[in-house]
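We call the chains A, B, C and D, going by the order they appear; numbering starts again at 1 in every chain.
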């Protein structure tokens, strides 16, 4: 109750992952929001920009140039790509842990990073010790990590959906793995752009990034890591007229070894102790709203007659796909209860 | 921590107010869900119908005929009108408190009830001791109440919006009070009807109930009670293509006594100790999403040049407008922390 | 078939009123799109920006500086306020008619214009001969007009809703006329702004412009014109999560003269020859989608017990509220069939 | 102008395909609506149920038992499965042509029909002469057809998307063809059901029918027909929170023969004379709204590095996916201009 609270810094608090961190941390029992920086909005009370936080978050946005984040225990970067890697070193030197919700610490191959993000990597040495922050895959590393590359929203669905198969060599790599993924519009961020205006994106949908989406190399690298194999991966994301929510429909060819195996049992066993991964009964049809606002990810298996398995994986893109997973990582890094601050019941309807 | 938990019964758990009660009570520190009845779905696990509750609510729907609700401490009726009044007497006799989310205990005038609800009132004696459940208006009575008539969604916005004026005789009743109210579609309930299908109600809006809505007499009676006056009241509700959320735009003529008064200060003072009523700065434009999922109601004042005051009042129709207020009433009736189980941060975006 | 077609110029074709003009004019039997200008998009084929027009509109956006609009028969300005008044004189001199969908020619009082639009009026002399373009009110003037100030979206609903009463002196001006108006988000235009992003405006609503909206003086001036009276007018617009559609709920106190009058008959008679104004049976509840995509405006009367009349008026804000009415004005100005190009059946569902 | 108009009968006019037929036929230059039947709504003016048709459709719903459809030139069945096959024979005997928008005449294999539709086929002999109504594939047969099995919405996207490849043997059938398809909610029909309520289906999405959807056998049979091959087909439909619109994302492995071929040129050539099939430039990202309300279907090719081709195919599920295609079929059957009544510009925004 009177326990010491972690002092939290948030760099870039005006975007959707920023305000989502604030939503979760505002009532986190072990967290205290010390600083929320914003170049553009310095001086404005956070709750003025986000009235949902009135009475819950008292601080004002502060100028990054005048904010000493080294006083924090942990700093979240809810910024565009490239910001965290410019500040991580100094924070680490001051003993501050770093959780980056952008891509700076997700790709270990800096050449791949540079190709997709059009900038050189600013601190390859820090990158080397960074941990890819999916607790259900890398919890032990996260416990001792000082820097977390919090995963992209799409990767979390694809990787947690396929991990049980890949870990057991149950995939036939002669066919590509296909993920047809769908995301709510908040995934595009809180940026003034015509394409995501209500009058453009509502009552409408489309595929995008077919020729190349930044989450493709991230997922591809992790799939190879999990499987220890070269493989082909087709990824088509789609923009869906809903605020939050993500569903990946994954088509994977099973290997001969999978014949006769009880895949449902395999998945249930793999995730039996995971509070935030819920394996539904075979044949279930998860709705995105079943996780709206919560850190839960749900998986359903649909075996096909022809040796393929169709997987349906859903999460809230802003929670398990971003801010919630970041808080989960923080909890692990600091030895807190892993679900502290994450006991949000999904909002349905 | 190891405190005794209230045993909760919910009659009619398959509608939106029912599942909303479950969302809130699932993590209420002082509540334990003992029974959720449903005639149609007896035997089905609650979390099968509402997967958002998987891992959070363990009970199955039970047959009302075979469920002994007298073992509960409190029973919520999230049922159609007429059910609570048929069971209240027996429950009260067994020492169980009753909170009805339908209209059975809202109107003290049984003739008015019969006119609008097309059924005779089943227990006028119980009705007499029932308390109208808006804590910010009737908290003292609620403390000792055994039966609560939980208000309709629209009335809560209009009454809390106008109470500070009415209590101080600041309204000129020579003009009608007008409430142009807007509600999300969940207010129509979880009923299979064509008019509220997605393909009918989306990208569309309309007024309804202009010739007579059941909340009109309820609001009218309470306005008279609060003001001690006869008055005229025009009420036009509208159906808005959003799931949750309610906004009442209220037009009221101020009395001479209001001239020169600082109405903003008056409102702030009236609600200064109310955790769930937030008076915004004069001229604010509250969005419904600023309270999405939470029990908060927000009010903004817009004085007009011509002696009128325009009030904007917003709430989540399922929370402060229904289940959240019901839980708030329960907390008061049982001497719990009034905001126990209601510390939900609004979901934005 | 082989009839001469009007050569049409559109200045500012990249906004919603611009693309809506293109949608209607693309298959207008008497129109040929000669030029669509855009400073920012010069050179891009119109159908590349708006794929809905592929195969229907062949021109590319052209640079305004290099486009000779004097070759057109009529030029529509679908631009920000202030553009039309800078070009109208030269076009008129060349014998080109002008229809401005912005506010430059709506307000005869230039002081009021300057107060609300923060710029001096550029051509008061042209303004004097401009006609306010609601055909059902000013058809005779439109026939011979050279410059049309096409009305704002909100004014069209309020003015056509009230005209039959005002023309017959049936309003009691001791009480303010109140219009509680609701608009779809396309009314905010095709501009990159955070407030109208899908993730901000969806599943959400709010009032806006309560302290002062530019359509207030426009409506007020016209109401005075129609009634020949001073009067008070309260106007509260609301942003509704739908793409198109507008509903004004109007509250008006009837004068003694209205007692016993058959208002329904009055309205039906007033609009009996108007193809685009549909008086519904008394007590009807018009939905915005009932006019989606069409130039129709629908009115329903709801008399109140207390001497007030509630009016429900709906239109598509981009059609009768903007581009459709502009085409209707063009048809009248050039002696065409008034409904040419406007025979679009509303899209329902 | 004074041309003889076809007398049209519509059986089952109260669903979405029914009202969509009415929307299109109301202003079709060669059609006159003779009868619209409805068991439940007999006597009610059509325009009372669908106010969008006020002033455009004058008939009332008539009792099927008292409606002599043999006076019509053509009868559309916008009914549940099983109705058309019970009435087709009598209509044909009277010289009336039949277009069924349900499934009665889509599957030539009656055993497959019975398996999926749980009823014996009522007129196998009529079925034999029925033509599957996709004009771009079977125009010649449609010209002389007396009975049309109008395709399901999903099949039209998949078949027109793949036809150019299948006709030229460019598919490698060692891998399954996968169609990940997305539909707006109107595809579920105008039926009172909880699952498609606004408050359930909005801000939400899900896959459905993964274990078996009725369009699977229909597509499968047609794919075999077009390719002359056995093949495997995986089909996963999804429900998207939009009223109209359909997008199929199709993953297909190309055969060796396709190596080096200019597939874009192949598609453009295949559809060069098709007014309602639009092949977009390679790499385009079609939005569903780009065809909203129109009979157009748009295709974009996305070749993958690994020998796969990803196809994006979009249409309005109620137009090219149902009523529009039915009218197109009618036009062909009666020798009318194929696009008569179908010149609707898509509604964007």
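Just so we're on the same page, contacts are C-beta pairs under 8 Å (C-beta built on N, C-alpha and C of every residue); 3 or more make two chains touch, one makes a residue touch a chain.
Quantities reported herein were computed from a predicted structural model and do not represent experimental measurements.
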Chain pair showing more contacts of the two, A-D and A-C: A-D
Chain B against chain A, contact positions shared by both copies (same if over half, else different): same
Whole-Å gap separating chain A and chain B, where each centre is the average of the chain's CA atoms: 36
Euclidean distance of C-alpha centroids - chain A vs chain D, Å: 39
Approximate Å spacing (C-alpha centroids) for the pair chain A, chain C: 46
Numbers and ranges of chain A residues touching at least 2 other chains: 16, 184, 186, 190, 199-200, 202-203, 241-244, 286-287, 289, 292, 349
Residue numbers on chain C that touch chain D, as the complex places them: 16, 19, 23-24, 26-27, 50-56, 186, 190, 202-203, 243-244, 275, 278, 280, 286-287, 289-294, 298, 318, 343-349
Chain C contact footprint on chain A (complex, rising order): 16, 184-186, 188, 190-194, 196-203, 241-243
In the complex with chain D, residue positions of chain A that touch it: 175-176, 178, 180, 182, 184, 199-200, 202-208, 210-211, 232, 234, 236, 238, 240-245, 247, 249, 251, 283, 285-289, 292, 302, 304, 306, 308, 310, 312, 349
